[in-house]
Structure formats: structure tokens, C-alpha cells
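So the structure is just underneath, and the comments pick up after that.
Labels for the chains are A, B and C, by order of writing; each one numbers its residues from 1.
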Amino acid sequence: MTHDKTYSHLEKIGRYGILVPIICFMGYPLVWMILCSLKTNLEIFVNPWGFPSKFLYKNWEQAWVVGRLGRYYLNSIVVTVASVCLVLVVSSPAAFAFARLKFKARDFFLYLFLMGLVLAPILVLIPLYKLMRDIKLLNTYAGLILPYTGWGLALSIYLLRSFFLAIPEELQDAARIDGCSVFGIFWRIMLPLIKPALLTVAMINAINYWNELLLALIFMQKTEMRTLPAGLIFFSGQYVTNYSLVFAGLSIAIFPMLIVYFIFQRRVIAGILIGALK
Amino acid sequence: MVFTRQKKSFVVMLGLLILPILLITGISFAKEQISLRFAHAQTEGEIYRLYSAIPKAYEALHPNVKIEVIVQDQQIYEDYGLDTMLEGPTPPDVYALHGRHELVVKAEVGFAADIENFVKPWKDRFIEATLDVPSINGRLYAVPRAEELVTAMWYNRKIFDRFGFAEPQSWSELTDICQTLKANGVTPISFGNSQLWAFGNWASLITARMVGKQRWEAAMELRERFLQPDFVKALSLIQEMGEAGFFAPDMNVVHPDKGIMNWFMGWGAIHPLGGWIPSFVAAEAPEDFEYDVFDLPPVPGGKGDPHMQEIMIVNLVVNGKTKYLEQCVDFLKFFTSPYNAQLLVEAGSMMPVKKAHELAAVDPHLVKAFGFGELAKEIIGAPDEDFAVEVADTFSEGAAMVALEKKNAEEALRWVDEQLEPRRTR
Amino acid sequence: MRTEKGILFILPALVIFAIFILFPAAQMFYYSFTQWDGLRLPKWIGLANFSRAVFVDEIFQKSFLNNVLYIIGTFVTEVAFGLGVAILLAKPFKGFGVFRTFFFAPYVISMVAAGLLWAFIYDYNFGLVNDFLSLIGLSRLARPWLGDTSTALAAVTITSGWKYAGLYMIIFYAALQQIPKQLYEAANLDGASEWKQTWYITLPLLFPALRVALLLCIAGGFAAFALFFAMTNGQPFHSTEIPSTWIIKHAFDRKNMGYGAALTLILIFVSTGISLLYLILTGRKEALS
């Protein structure tokens, strides 16, 4: 028995001994970032490990206003919300049709959309850029919302379709017998049944849109129209000499996400798990 | 006189008659409302402020003209921002453009107007040499707005004083200084080369002074190859410096602005960069920072002008597709007028306008730096502005490879030629 | 249910998909055979772009190598790391929730922010890494991590691990929960040590999850752009150049849009090909249907 006890003691020490440094490795960069954002530039050089002598909250304020992070947040929110709504509105009927309806060339169209699962936005960047330039949608919200929606279709249709497929056929047949139109079946019966799936798909898309860099970098050239990822890069390049300001900007960009995560842990993790395992 | 009721109504009637006539004639006399867009990439400093103030002053003098100023980040503007605007729904009528190469392209597509006839009457206000860049086949397609010194040897005076250095007059004196610095743990020459042009501009000057302006331009325009004995000689100078450890090891990751900040902090004694250093110092340097500048010493065995300078011209271009050609040119005339020239010079931006420097109170460091130009018989422009970006970047990268001992001079030049081969055979 | 109205249901999606994805994708094929600066008219040059990419452009070739090295690196820094931690967290113990929370936290912040933050951490003069080294007396190891061609790619890969290991930890953790407890109990009764249990029970049963994880690594690795662009954008000397950053440089900095199109097609072809090959080799073709 004592052998077991010491063994499990060693186990414990080993476990904590490995995990604690790992957690420091994962967590300290974020702590450092916030500390630095409250220091002066000089302090960052001279006193990297300590607390700031004065908590310079004005760095944060400056980053928000002068650095325009507030504006970048707004743009990201507009683009993300609009794209998510649009993609849900457009993909749910399509997913339903692919799951439950039969029509000419259905499988052909399905595979067409599924191709989007393996492609990446960089494939269409150049012609899309020219297209947006020609129809004058560069530097507009629509210029990002429409391509984003397009790219979200493949995954959304795929996921929603599998959820629709899981609904028992009998419900649909019963509604048909009652004289419900096809659209009615979709709208009044099927859609409400997959509400949690809609939420998950919305969340997955939202995360992708929020973090998208490639199109946002090239399509939004006006500073006021930038979304957060491109704005951050631009911001850190412009104020590259003002380290504490850049740290403040990074903190502002990261903080809300962390807060949301800490509150909604389980939901977030579950959603991401589903998205990853597609 | 007593206003009888009759007289009153007569006056009113007269008024009612005259008013519409006044309005109608007033409208036809009123000038057409003109709206211009002015685009540029000057995002910082006093110059940025002036780029907004000068259009406002013009508006005040011309009440029927409204000028919208559009600013973009430099890198974006040059890469695709300007092109996007020109092709977009709200193209600029007047825009700033660096160097010659892009001007030629824009003219080809109709985005740069031939304004020779409009400018001829007041052409002589500009310094002769600066009219070369905006001219195509002898006709002006832009007016030169700024002369920017591209590279000069700015140095930390406190460090120099500490070791008792005098400004080097010859190349060997320069290498001696670097040697001493290196032996004492100070990085001799630092660069913020993450965008390749900082070191590339410096290397270009060394190379052009070695091979001569004609050969330099021939190579950059891909009419000749880079792998030639004189070019090898030039890069060998850099190679020697690199082998002696005169450059900072992380120079290729440091952002240009950060490089200047590092220089303020004392990491690097000499920081070869352009004429915007004084205004940067004024805005960002610590109180006790002392600096000065010396000209790059003549390169040993150089075939080009030993005092050649690298000066970039910023042009103001009129969009060939604008509706208000005359108004735009008039705006340009205002922009480069002696009074505004003085303001711009005082803001730290050298004007290609005669006598501008005499009138203005200029930072003495800048005066000294531009003084080097007075000794120069030949001038070259910044490589990425007078030639294709791809060629400039490839050459700059080759030079940086030599500096950091990735390749020797010959290998680097061979590499440059290989990389540019597809472009050569277009 | 058979109805021709089905087309109506997919029409909006189809229109958007066609305009913003299908047609531009087709156009890419056209542009890849031209020389085009985005401003003037495209000029047809046949296969010149492709032959340049394959035979002449050593930086493009190097970028592929870098991308592959990066992917292999992430097998370690993301998958193996996540797996190890998942196993350590498998059996509940005090503070378990805290560990899981903190380990996953970096995943939720944006790639750009993570890249920019770590660029500071790797800074030669005041970065956390070099400070830490001097703290423990190893300051002679300090170097410009992102400025040295021999360490830059590894540094970026480690940052990638910091960000993504949490995802794989979650995946493996969920898979671990599926393993029936009885197997472990039986092993305990047989007197097998914890280490042996892990080796003979846990790992083999995790193979399906491992397959998925590796596929994610591959697909994600070729699609990487944000991290590299934010941290180094290919510097120093293309040691961290990946195809996507090189494409952007050609298409938008150097105005070689036709060449950029050709490079993109090659990238998509290769990455899709490798992913499909992987799926076939691991017998998961049915994942596509």
C-alpha cells in the first residue's frame, strides 16, 4: 500500500510539475501584454517583470480613440453580424432542400457546394478584387459581407443538412398529409426543430468572419472601414514606436473575447468542437 | 420726404421686381461649384497638417472650389490603394506620386495628364534638375512637390564624442570608426530593414557611386545584367563591412520606424536614412538626444560622381480623366507657390522651388544634409520609385544578403539576375 | 418529397456562390495564363507563369518547403502537445477546471493578435523570451528569434502551438471520455502501471481522433496566412515565407497579378491534393460524401 501511496505522490508531483509550467507558458503572455499596456515605453524596457508604477489607463483610451480601435470593432461587428444573418437565411433553405427534397440535378448542386469545403478564399482573391473594384464595392461593408457569405455556404449547408437529415421523416409526412406547403414544412416545422444547430452554425461562422484577414486586408483600404484583424496590423505598424500603445490596442482586441470565453466556456468549447470535427 | 402709402407700395413692387432679377442674374454670375479630390499618403507630422491646411487656404481664395483631402497609409497607397481609387467611383483629381516609374505607367493609362502647356508660364520657379523626373519626352506630366533626401549618414553625436570621432572624409576613415565601435560593443551601423528599402536605398547609393549613374540605370531598367565587375566591387565593400560585423544582426526584422527608435536608444551609432529624420527627432526623440549627419564618403575606385546623392522627387499629378484640368493645375500652382513652399520647408520637407530654403527657417541638420547635394553632379532617385518595385526589391534583398553574410557579392548579384530573368524576357 | 420548387430553395445560395466563388475561381484560370498588373489590360503569355513558378522561382519552392515544415512542426507543437495535456487532464484532480480553462484560452483570441503579441515576446531587446533567459542566467542564448533564419520558422511554429494546442486538447479530451472506464479497471486489476495503461489502451483507442487531428493540421497549415503575415511576412530572407504570403507579395506589391494567379492555382492544387491523399490513405473517403 505504501508503495502505491508514494507512487501516486510522485504522480501528483509529476502531474503538477508539468502542468503548472505549461499553464504559465499559456497564460503569462496575456498577463504580460496587459501589464505592458499599462506601462510607459521606458518601463517596458527597464522593468519587464514588475508591475507598472502607474497604471496608465490612458493608453487604452488612446488606443480606442486615436488608434481607432473603436471604429474597427464597429466594422467587424457590422460585417460579422450581417454575414452570419445572410448566410443563415440563405443556407438553411438550401440545406433543407438538399436533405429532404428531390429535384433535378440535386446531387450535382450538392457536390458543387461541398467543393467549397476544401477550397480556400485565396483561390479567388485576385478576380474577386477586380470584380469588387469594377462594381465599386471596395471599401464598403457589402464588399466583405457578400464574399464572406459565399464562403460560409459550404460549411453551413453541410452542417445544417446533416441536422435536417436527423429529423424523422414521419414529421414531414404528417405535415404533408395535413396539406402543408413545402415552404410551410420548412418554415414552421423543420426550422424550429434545429434551432440549436442554427445557433452552432451561427457561432462557427461568426468566429471565422471575425478573424478573417486576407479579404479584409485587401478589400478594406480606407482606415475607417477596416475590420479588427486588418486594423490591428495597420495599427501596430503605424504606432510601432509606441509599444505600450500597441499593447493597449492588443489588449482591447483580446480582452472581450477572453471575457466571453470565461463566461460561456462550455458553449464555446462545444461549438468549436463541432466545427472542427466536420 | 414723407413715405405716403402709394410710395411705399411702389417701393415694395419695385423690390419684388428687382429681387428675382437679382437672383437670376446672381445665379448666372455665380461660378460653377467645383469639387476636387486630393489624395496623398502623408500620414504624419507637420507636413500632414499642411496637406490639409493648404487646400483649405485655396478654398478660401476660391469660394466656388471645394477640395476633399484623402489620406492613406503609405505602403497601401503605393501598392494598390492609389490604383483602386483611380479605378473606383471617386477617383482623385490631384494626387501625390513618388518617383518616375509609376508616373510613366499612369500616363500610359490616361491617369496622368499632360500639363506642359499649363505649367510652362511658371515652370521656371522650379529647380531645373527636379523637372527631369516628372517629364516624359520633354513634356511635364506632373509638378515636383518635394525633394526628399533618400539616404544620408545620420549619427548619434554623443557616441561619436565619447570616442572622439571626427566625421569621416574617406571610406577608410569610416571603416576605422566602425572598427572601433565594434570593438567597444556598439553596433556601428543600424537599419530598420523589414521593408527592404532602408538598406536597399543605402546600398543603391554605394553601387551607383561605384558604377556610375548610366550603368546603374541600365541595370535597374534590366537593359544590362547586375553581375558585372563594378557591381561586384560595390557589393564587396558591403561584404567587407558585413564580415567585420558592422551591421545589426536583426536588421531585417526591424520596422523602419522602430529602427529609428532603436537608434534613439543608442542601439546603433550610425543610422543611414532619409531627410525625414529631423522631423522624426523633433517629434519622438528623448530630450537629450544629440545627432548630426555626414555625407557618405566617396567609395574607393568609384566610377560615378563621388558626391552623388540619392534624391527622390514627390510629384503632384493631375488625373488625366478629371473634369477640371485647369482648376487642378491652378491648385498645383498655388501648392508650389513661394509662400506655401516656405511653410513646407519649415515643416521639414524640402521643396524643389528656387529660393524656398533661403526664405524658410529650416532645421540646420536638414540644411547640412541638402548641402551635400550642392557638391553633387549626378543625382539618382530611390530605386523603388524610379524603377519597378520588383527590380528594386530584388536588388535590395541581394544587398541585404551580402550584408548579413548569406551570400557573397558575386553570388548575390547572380541571384538577382536569376530572379529577374522572367521579367527581362517579357 | 419530389418537387421542382426545390430549385427555389437553393437559388439564393447558388447565386451568391456562383458570383463570388465559382466565377472568380474560373477567372483565376484565365488570369494565370496572362501577365497583368491590375491596371492595364492582361497580356496572354501561355504557360510562362507556370514554368517560372516550377523551374525558376526558388523562393516559391522554398515557401512550399517552409509550409510543409511548419505543418510537421505543428504535429508536435499543437497535436502532440494537446494530446499530452489531454492525457494529463484525463483523470480529474484538484484544479483540473482551472487548467483546462487556461490551456484553451489562447485559442479564442484572434490569430492576428496572437501573432503581434508573440512578435513582441520574441523581440531581441525587451521581449519576454530573452528577458526570461537572462533571468535564469542563460542570457548568452538570447538572439533575435524572428530575425535569425535558423530560428524564425520554429518560433512561428511555437506560437502556432501556443494558440492551437488547446483545440487539440479538447478534441482528444472528448475522445478520451469515450473510452470505457472498465478497460482501465481491468488493467488495474491486472496490475498494469499507469504508464503501461496509457501506452496500450489510451493511445490505440485515440487513433481515430489522431487521424482527424492530423488532417486538421494539414488543411489548416496550407491555409495559414494571418499568423505569418502578422509576425514576419516572410522575413528574414524568406525563411518564413509560405506560398500564401508570397502570392500576396506578387499580386499586390509587385503587381504581377497573372503570376500570383498561377501561384495560387498551384497552391490550391497541391494542398487539396495532399489532403485528399491523406484521406484516401487513412480510409476516410466517406467523410466527403
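Everything below uses one rule, namely that contacts are C-beta pairs under 8 Å (C-beta built on N, C-alpha and C of every residue); 3 or more make two chains touch, one makes a residue touch a chain.
Given the structure is predicted, the values throughout are model-derived calculations rather than measurements.
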{"item": "Two chains sharing the most contacts, counting C-beta pairs only", "value": "A-C"}
{"item": "Of all other chains, the one whose Cα centre sits farthest from chain A", "value": "B"}
{"item": "Mean-CA-position distance for chain C and chain A (Å)", "value": "16"}
{"item": "Averaged-CA centre spacing for the pair chain B and chain A, given as whole angstrom", "value": "41"}
{"item": "Residue numbers of chain B (touch at least two other chains)", "value": "80, 87"}
{"item": "In chain A, residues with contacts to at least two other chains", "value": "45, 218"}
{"item": "Residues of chain C touching at least two other chains", "value": "38, 125, 252"}
{"item": "Chain A contact footprint on chain B (complex, rising order)", "value": "43, 72-73, 75-76, 80-81, 84, 87-89, 255, 257-258, 260-261, 265, 284"}
{"item": "Touch list for chain C against partner chain B, complex", "value": "35, 37-40, 48, 52, 56, 59, 124-125, 143-144, 146-149, 232-233, 235-237, 252-256"}
{"item": "Chain A to chain B touching residues, read off their complex", "value": "45, 133-134, 136, 138-139, 218, 221-223, 234, 237-238, 240-241"}
{"item": "Footprint of chain C on chain B - complex, ascending", "value": "79-80, 83, 86-87, 105, 108-109, 194, 249-254, 262, 267, 388-390, 393, 397, 400-401, 404, 406, 418-419, 421-422, 426"}
{"item": "Residues of chain A touching chain C in the complex", "value": "11-12, 15, 18-19, 22-23, 25-30, 32-33, 36, 44-45, 48-49, 89-91, 93-94, 96-98, 100-104, 106, 109, 112-114, 116, 118-120, 122-128, 130-131, 146-147, 149-151, 153, 157, 172, 176, 182-183, 186, 210-211, 213-214, 217-218, 228-230, 232-233, 236, 243, 246-247, 250, 253-254, 257-258, 260-262, 265, 268-269, 272-273, 276-277"}
